[in-house]
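What follows is a pair of complexes built around subunit A, which joins subunit B in one and subunit C in the other.
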Partner chain A sequence: MKIKKRMTVEQFSAWFEVMRFAIAIFIAFAISFIIMSFSTNTPLEAIGNLFVGPMTSIRRFSTVLEALIPLTFAGLAVNVMFKANQFNLAAEGALFMGALVAAILAIYMPGPPVLVIIACMIAAGIVGSLVCAIPGILKVKWNCSEMVVSLMLNYVVLYFATYIFNKVARDPDSAYKASYSFREGVQLGNIIPKTRLHAGIFIVAVFVVLTYIFMFKTKWGYKLRVTGSNIHFAKCAGISVAGVIMSSQLIGGFIAGVGGSTEMLGMYSRFQWSSLPGYGFDGVILNILAKENPAYIPVAAFFVAYLRIGADYMYKQSDVASEIVAIIEGLVIILVAATAFLAKYRHKMTTKVSKNLLEAGGAK
Partner chain B sequence: MNKKVILKVENIWKVYPNGIVANKNINFEVHEGEIHALIGENGAGKSTLMKILFGIENPEEGKIILNGEEVKIENSKKAISLGIGMVHQHFMLVDSLTIAENIVLGNEPKKFGMFMNKEEMQKRAAECSEKYNFNINVNEKIENVSVGVKQKTEILKALVRGAKILILDEPTAVLTPQETKELFVELNTLKKQGHTIIFISHKLNEIMEICDRVTIMRHGTTVETSFVKDTSPQDISNKMVGREIVLTVEKKPARRGDVCLETENLVYVNNIGKKSLDGVSIKLRKGEILSVAGVEGNGQSELAGILTGMIKPLSGKVIINEKLIEEYEPSVFRSNKLSYIPEDRMTNGCAAKLSILDNMFADKIDQFLYNYIFLDRKKMREKAEHNVEDFNILCGSIQHQVQMLSGGNIQKVVASRELTEEAEIIIAEQPTRGIDAGASELIRKKIVEFRDRGAAILLVSADLNEVLELSDSTIVMHNGKVNAYFQDTSKLTEEELGYYMLGVKKQTEEEVKGIL
Partner chain C sequence: MESMIQAVFSTTFLFSVIRVATPLILASMGAVITSNAGITNIGIEGVMLTSALTGVFASAYGFGPWFGFVIAIITGVVCSLAIGYASMSLKADSVLACIAFNTMAVGGTVYFMYAIVKDKGTTIALNSGKLPSIEIPIIKDIPIIGEILSNHNVVSYIAFFMIIVVYVLLYKTPLGLRIRSAGKAPNALSSVGVSLLKIRYIALGISGVLGGMAGAFMSMGYVTWFSKNMTAGRGFIALAADAMGNSTPIGAALSSLLFAVAEALSYSLQVTMIPPELVQMLPYLVTIVGLVAYAAKRSKSEKKRKEKLAEE
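Up next, the complex of A and B:
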């Protein structure tokens, strides 16, 4: 690579991050390709399907966007909690609980559908907050590891929610395990005919913007970032760190809960989840890919959703198992998260850039 | 004098991953059997150069020539095998082990290849201590010995491993004058026995006293090497900073006002059950700088911790402006217009990964908002730019992470945040520790400026020069108690202060009560 004479170290770093990401993806695909060649005679075709599959029809492309919605919600929820340096994984449970509460209200609550939908979302958000608050309280009060508590809590939530589901909402006449149908009209409308893409995409867009503003433009976001970056310093500067940690868990949980209700009202007409959907953990993955910046979460979510839909298409078109995508995802994340990957090259180039700057007389 | 060059570095370049060029084209020579001083401002690249010599960092370019042969020092193990030893500024000792155990740690003598040979270990440690005339009991545990003895243990540790060249990184920063004297006697003994010593220090008088030659570094490169006898402190400091600097702070006599901070019989018990504060009563008045001197670990940092709400006393009272403090939280103290420059700037003073800008408002973000909740970025930027200029903070941009700055500049960021117009009481804990003359000068000047404006300053410092130069009154702490009170610091000498710090001398209760 040729370096422009006046390139600063910051410019180089930004350029390097993009390039590193591209190389990580390339390597991940290359390795997956090798693995694929063992199981199929037409690996080229298979990987081609993986790439172009989601773009072969509007319907397929819209499924990418559909899948992006809950992923982004989960990513934002985890982001708010991670930024406060809390490794709280209860977004999973919060999302599940939010979906169930929304479903119950959608079945039983009378009134105009629009109001019911709004009530569903608010109620789901509050329930999500309560779920994420549990590890938060235990952390602030007794310094329990929020990671262990939240990981275990997710199963408690799952079985508790299943109990409520069986008691309150399960339709005994249904052939499979599902709730009664939601009331007529209590659904997020489709926005493109003949697809399942629903108005949730607008809701999630609003949440991305709100989260970004909250994080970087408000005093709460500022205090949260200071606390997450160095809790001792925050305390010393007079910030009430316990309050900041608690509120970040409540907000994260709220986002997850709303995410659950949006998914439920957008994609389903009955509640039929019987295991954890895994979005909470996907949220962690997205934060690694997006370097914990809420503005990049939707981009990362698009990437992951695209891969998964592509894999589905590949699986239907050829004899390669769709699980290959889990390998690709894993490899990309390892390479992105591994700070040492390409570090030598980076250091060599940084040295060169800095020396160039010195010679040009523009450095300190 | 023996003029043989034992160690030579040629054209050393070191660039850190964040793009900071710490060493540019360094050339440097050390003669066998000399004490060679290395001096320079923070961020001048001294520590980096020493880390390269001890194998902690690897240079991008350049040669290291030891005894006429080019060597590659990939890691500390290699450095030790080449006969280079280093005593770090922060001690690397295991508190619960004895001195002898610490000295042999890593190459313990063994019985039957697996059991510790205690007698052999003690013998070896004692022999070494005797050989170099270090007067210490090697069977004592590290946690029970003074800072001076810890330092000797560190030096012995290096010597036992066969170090011919010893690098000492600010060895006197934590010592009392008496301990410093002892150390110097020992360094001279080592020199006579043929050891070479590289001595890093910010204290010019020490360099004048003990070193043979001095190398001055500035902005990552060596400015000049000269014989100490041909130079003067003023000369060295000017070359180091690149401009004339004032070695003493000009200040008018204090105009003391009302008492604004008061403590009554503070008692604090630390987590191993020791009384770190044992009935401390002081009064701080507006318009004065009251310094708290003492050997580290005699209760000063606990006192500062209580007076800023970081820790809660077991008993006793704190009264600010005639109001009794009931809740020990930093926010309560800060709302009483108290500000705090903490001792450990990286832990309590800043968030290293956030930008300089973001670091300047952690305590007062509520003054930089519009519509009550949104950050007023423009106002913040203006204030931050103003701080950068006012405190002469060297940085590329206020958007850079704080961790990219040198220690002195980080301290200036902390000081610029804490020394704000509203501050009426300032608790400054070691405000100039480990930072260079230029930055110290600036921070000390600012502190005097605030005093003249009527603020009260409590200065906790282990640096006797600072205590003597800056403060109006002084208390000395020993074993958690106030050992002495001097209403007029200018009548004190370093020696006198040293005796009280070590507990050799002690004032009567009546004299100590002079503060009340």
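Up next, the complex of A and C:
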């Protein structure tokens, strides 16, 4: 691997990050491949199916995009909370609660469908905010660990939501545990015929842009980032730290709630979740992969969604359990999050690049 | 209402409290050790899950439940050290490393379960056996106490014994002092020539032993099979118990018992008129309330201390 003579240190860093990702992914796949070869006689075929699976038909590829939508919402929600240095994992509960509230409104609220959809999303967002605010308040007021509280809170939300669902929305005539059907027209329309890809993809795109602008182009976002990176400095600079932390939890919760409603109105015609969907932890995973940059979260979500859909295809074709992706994901995360991984190489190469620059006429 | 009171004040209820508390106590002891060493170990959830699975396999394909128990403990240690390797030697953020490990554990256990028994739900078909229950000679003949305390799974007794072991280890041995300084004053530890890394690895190893036992109890005592995601957040509850007990063994054990009461209550109240979901919510709600109560008390006493200092 030869480095170009005139590469600056910044260019090298960017290039190095990409390469580090590639190596991490490669190692994760290699280890998973070894694991797979113990349980199947045709590991090559299996992993091949994993790679090409989502590409085999338009329908399958669109499922990747469908799966990407809630993942991206979760990633953005966690992003806003993480940037304030809060390990709040309640995005999970916020998404669940948002989905339920949207479903209830979609069943009962009268009026033109478009208005109902908008009301669903706003209500879901507000409820999501309330859920994520709880760990925030407890942290700001009494310095409770937001991580532990939010882990417990997710289960509280799950059972509370199930209770509300049984009381208010459950259809007793349904053969399985499901709510009444949503009202006619209260759904996000499909945008490609014969698939389930829905208009939620536009909504999520809007949220990605808004989050990015909020984070990097507004005063609020700047305050948030300062608070997250150095709370003492933020205090000294006169930022009301508690207010910033609270608002970041509220915004994160709002995004998660809207995500829940989008998923519900886009993919379902009845509410039928009976366990936590796991998007909270997925959101954390995406943030590690995206280096906590909202602009990269959809890319990371695409990667994760592609892997999971590919794994489902592999399971159907090759009889290797699709859960192998969890191992791949975990390994990638550890390697990407591991700051010492390839650090020596980086150090050596940075020195070399700088030396080359000096020889070529001095660094800028 | 009457049936509710009857359900709570019965010997079977108190018996089930001890049963339910067993994995929580073991796991929270593991959390106590690591948090004293300055590590937030939410990986204990994944450690329990992985050990539960390997225990079942070792028992079914190896030499019975006790062999499974040993393998589960070894698995716990290996997993814990792997988390330590990722977070300390590879320098990944420890919470992120733990989340990654938990993800791998939830998926990986299902993957291996499917690869070996061709079932994604449970290993019920394996007939993997159960660790024995023990009758305590004299106590079993005492009328009420005997019914509550005797005839538990052997791991339950080990769990209560472990509270003492962890207490002695932390406060009465040189290693315990080192573990506590690794959390409170890592620089002081290095300054006297003790390797911080080594102490933290040892702490993780011990928490792996305890997590492994908790996992073994789940799949070879609590029930006699492994099922998908069977720990269901118990590792997280253990972490909460540690936080509520201020990282002391006795405090964490009492907190674990409190959650166990709430959980056992949720089982016995399911026969009453109270909606089951609200009852199931109870253990988690109790945890949050307990955490808040503890944190509020602490911040109040800190305020008082500061005021006192200001007056002087």
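As a working rule, the second predicted complex is superposed on the first by the 362 of 364 C-alpha atoms of A that agree within 3 Å, B and C clash if a C-alpha of one lies under 4 Å from a C-alpha of the other, contacts with A are read in each partner's own complex, and residues count from 1 in each chain.
Criterion: a contact is a pair of C-beta atoms (placed from the backbone, for glycine too) under 8 Å apart; a residue touches a chain by one contact, two chains touch by 3 or more.
Quick caveat, the model's predicted, so the values are computed rather than measured.
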item	value
Contacts of A:Thr42 with subunit B and subunit C, given as first, second, both or neither	neither
Partner chain in contact with A:Arg346 - subunit B first, subunit C second, else both or neither	first
Which superposed partner A:Phe160 touches (first subunit B, second subunit C, both, neither)	second
Touched partner set for A:Gln317, first subunit B, second subunit C, both or neither	neither
Which of subunit B and subunit C A:Thr195 touches, first, second, both or neither	neither
Touched partner set for A:Lys235, first subunit B, second subunit C, both or neither	first
Which of subunit B and subunit C A:Val325 touches, first, second, both or neither	second
Partner chain(s) touched by A:Asn143 [first = subunit B, second = subunit C, both, neither]	second
Larger contact residue set on subunit A - subunit B or subunit C	C
Interface residues of subunit A shared between complexes with subunit B and subunit C	343
Complex contacts: residues of subunit A adjacent to subunit B	9, 12-13, 216-220, 222-223, 225-226, 229-230, 232-240, 343, 346-347, 350-351, 353-355, 358, 363-364
Complex interface listing, subunit A residues touching subunit C	35, 38-39, 87, 138, 142-145, 147-149, 151-153, 155-156, 159-160, 162-163, 166, 281, 284-285, 288, 320-321, 323-327, 329-331, 333-335, 337-341, 343
Subunit C residues touching subunit A - in the complex, by the definition given at the top	40, 42, 86, 89-93, 95-97, 99-104, 106-108, 110-112, 114-116, 120, 233, 236-237, 239-240, 243, 275, 277-278, 280-281, 284-285, 287-288, 291-292, 295-296, 298-299
Contacting residues of subunit B [partner subunit A, same complex]	13, 15, 17-21, 24, 60, 308, 310, 329-331, 333-335, 340, 342, 347-354, 358, 361-363, 365-366, 369, 373-375, 377, 394, 396
